[in-house]
């Protein structure tokens, strides 16, 4: 993604905060857009496993995701901004998840909810379990837990909103992800190396 | 009559709607970031390591790197390396300590089995759940520095359990001291001259509490 | 319900020549089972379902078990050392748990075994007798590789159609995706190491 | 039943309209519903062949949540598989735990304390309330009543989850049962709050029924839809509320009398028509019976140990042998088949999934119905994909 270098702002953040304290609101198109986007994140109605039940619980009366402007669970990926990968992604399901992601319009975000979506979680030893959806789809926020409490998902959503508010306007690079195919023993390819590069883990004594 | 059932249902929803303005039992929403549900004492999320003092967490870990939790962890998300040297534990006895103790919270299933099998009350369940991160490799792999939390914190989140653990450890320590004292006395008995003070608090490891054997 | 031995005699009385043997269960549950020969299994199953005293009309559970080839040592006074090693050929086994809804008894455990684990893996399907076997036999086909003759729709059920292996077999090797294993043990540790460049190994092997 | 869904030819006036009618008989349409579909309860997929709007063929496709529970369990210790059973049918972790604990207890010959048996019954019946309440909400959601019933159901679910959480530490994944008892002893305060919940639940059910049971739209959408005959139901291994809705009075709590169920008086509701409405109604009536069982259990629960501290959990090595053990879960017969070779992990570990086997007759129930009804029929089967695919 090539971002244009941000020009020096005419008003610094500190000045803006000072003005805001005096009841004067200054804004830019960028800020207005980000504000609007961050408060109307429409998730896709897409449940995979256990975490989906907690995702539904988050949208119900007790936790009420509507307070964050995200209660509009859209059944169609064409109308959704946010993909909450809520549960274990199996290798059989992975191509569908990638295809759904490709169908979503820009700007789009992805939350990996729960241990399984992040890394395969407790089921990562399984032969049919994808070890993390970030092998195929860029993930913005990881919410650990098995399953995370609904509050934890809301916390993840708040984090996502913060991230959106820091975004710069511009043409985002098209993020079409290649869809893996079923092969004789495993998916083909097993990961998208452009997206997923695990660091080499070096442990030092007493680290 | 056709429609009675519908009207009856509408009456129910109307009662619920109106009730939501005055009936306290219907105020079910928790305004999350500002207002928090009181977590029950038993609530568990991810494990943490208990240390005796907040000032020197690495020096006072209860963990002796026995690797039982590592072996029993169902999703295999604990990684321990034993130290090569020994450090004195809370009772002054030199013990092996974990040189590396990592828990991958991206894998942990919060099942509490590590807590149940630990014979030293060294690993307990934490209640922090706001751990959302943007980087899975760095932030979610917790090392022993991130995992260590003082006993006072354990007491604040699980007071009942912590009370039991503390009294058990204290009883074990007292029993060990008593044993050391009698042993010293027995040694000293034939020679009444210059009774040696009992060697620093105790020479016994805390008696393993009976976990799920 | 009659004992498993009595049921065996009942089958033999109606189907002379059928291969039915008793498999005792040494465990505490003592759920003994009947081993049916493939040739008469379908008739025997029909008999179990329709016999007035048994009426095992409800097949609750169908599953496969993989018994790979193994070596056992047996006492043999003639051999040097007093013991002789013998190779027990491997086979695949299908286990059915039958109950009677009409009479409220059960379970009767019925098993069938294939001749080997490679080419002679066909067994008669019991789906014509009990409809509940339909998906479960497909699952056994998918995960163990037992072919059920007479099954109406024998396709893979859990894995995708292009998949070649039978993952519940004991000798199945899962695909290699151990690129990021921060907390590896045993076999996983070995496989994770292969993904790291030689100097920067994840860690040394923890002491056993 | 008119399979094409069109009015009978003779009733149409005029030759031209008849010609149009003949032309309307076009090709069959094959439609793939799922794995991402709002009304397939997760990642279930069915390939439906339609003639107009009428289902003429329906093939379920599984495996999108096949996460290898059985293979993992065969490499894990007996205790290590307990938290995995939570994740089978993730709405009913307590009954899954119980079924697994029961199987291992029978394999290893461990006795359960009296208090633990009572606690197990209490938790299993609370789970049944939770599951059936949510199912009614999801069923109505599938029928088009988006929101309200599900929201009421989840309001009550949160109350039960609070009980589970304060006892076991987790809302959904309780990991509470142990071999020979339960992990934590419920305090008197916990029992009091359980009593309060049970006392209030009848009132909630009255309200729920006032909202739903007599509703004309619900009746029109469910009565006479998706009939299941008792013979087919038994042959296809259907269990649980679905079997009883088809008119077969088979309840494992009565037949096997596991746990302390013989000590409680309760009735087994049975449906007359085997249609979707009966499946809804049987569950509502079962909840009322569950409330009765809970009242008795919470009244009679004895004091005593909940778990023998000497009962072996870690490093359990049962004697070689095998066992099949089952209980009446909220969705049907949940059973575990274990083969031990004397080692620390089971040689064969098999879950008998009620949801998967109840789906065997989905096609039979949907044939000749409209595509919209097949969604409601699927909703009334009550599946959870974690258990269907394991």
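Note that the chains are named A, B, C and D in the order they appear, and that numbering of residues resets to 1 at the start of each chain.
Keep in mind that, in the parts below, contacts are C-beta pairs under 8 Å (C-beta built on N, C-alpha and C of every residue); 3 or more make two chains touch, one makes a residue touch a chain.
Quantities reported herein were computed from a predicted structural model and do not represent experimental measurements.
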Item checked: Chains in simultaneous contact with subunit A and subunit D -> B, C
Notebook entry, point to check: Based on Cα centres, what is the most central chain?
Noted result: D
Item checked: Pair with more cross-chain C-beta pairs in contact, given B-D and B-C -> B-D
Next item on the list: Take the average of all CA coordinates in subunit B, do the same for subunit D, and state the distance between these two points in whole angstrom.
Entry: 35
Note to self: Roughly how far is subunit A from subunit C, centre to centre by C-alpha average, rounded to an integer in Å?
What the structure shows: 43
Margin query: Nearest whole angstrom, what separates the Cα centre of subunit C from the Cα centre of subunit D?
Written below: 27
Next item on the list: Quick one: which residues in subunit C touch 2 or more of the other chains?
Entry: 158-160, 167, 180, 182, 188, 203
Check: Counting only residues that touch at least 2 other chains, which ones in subunit D make the list?
Finding: 63, 66, 68, 71, 83-84, 155, 158, 173, 389
Next item on the list: Name the residues of subunit A that each touch 2 or more other chains.
Entry: 61-62, 92, 119, 122-123, 125-128, 132, 146, 149, 198, 203
Notebook entry, point to check: Can you list the subunit A residues touching subunit B in their complex?
Noted result: 61-64, 67, 112, 115, 118-125, 132, 134, 139-146, 148-149, 151-152, 154-156, 158-159, 163, 198-199, 203, 205-207
Item checked: Residue numbers on subunit B that touch subunit A, as the complex places them -> 28-33, 36-37, 45-46, 74-76, 81, 83, 99-100, 104-110, 129-137, 139-140, 143
Notebook entry, point to check: Which residues of subunit A touch subunit C in their complex?
Noted result: 92, 119, 125-128, 131-132, 182-186, 190-191, 198, 200-203
Next item on the list: Would you mind writing out the residues of subunit C in touch with subunit A in their complex?
Entry: 158-165, 167, 172, 174-175, 177, 179-180, 182, 188, 196-197, 200, 202-203
Check: Hey, which residues of subunit C end up touching subunit B in the complex?
Finding: 180, 182-185, 188, 203-204, 206-207
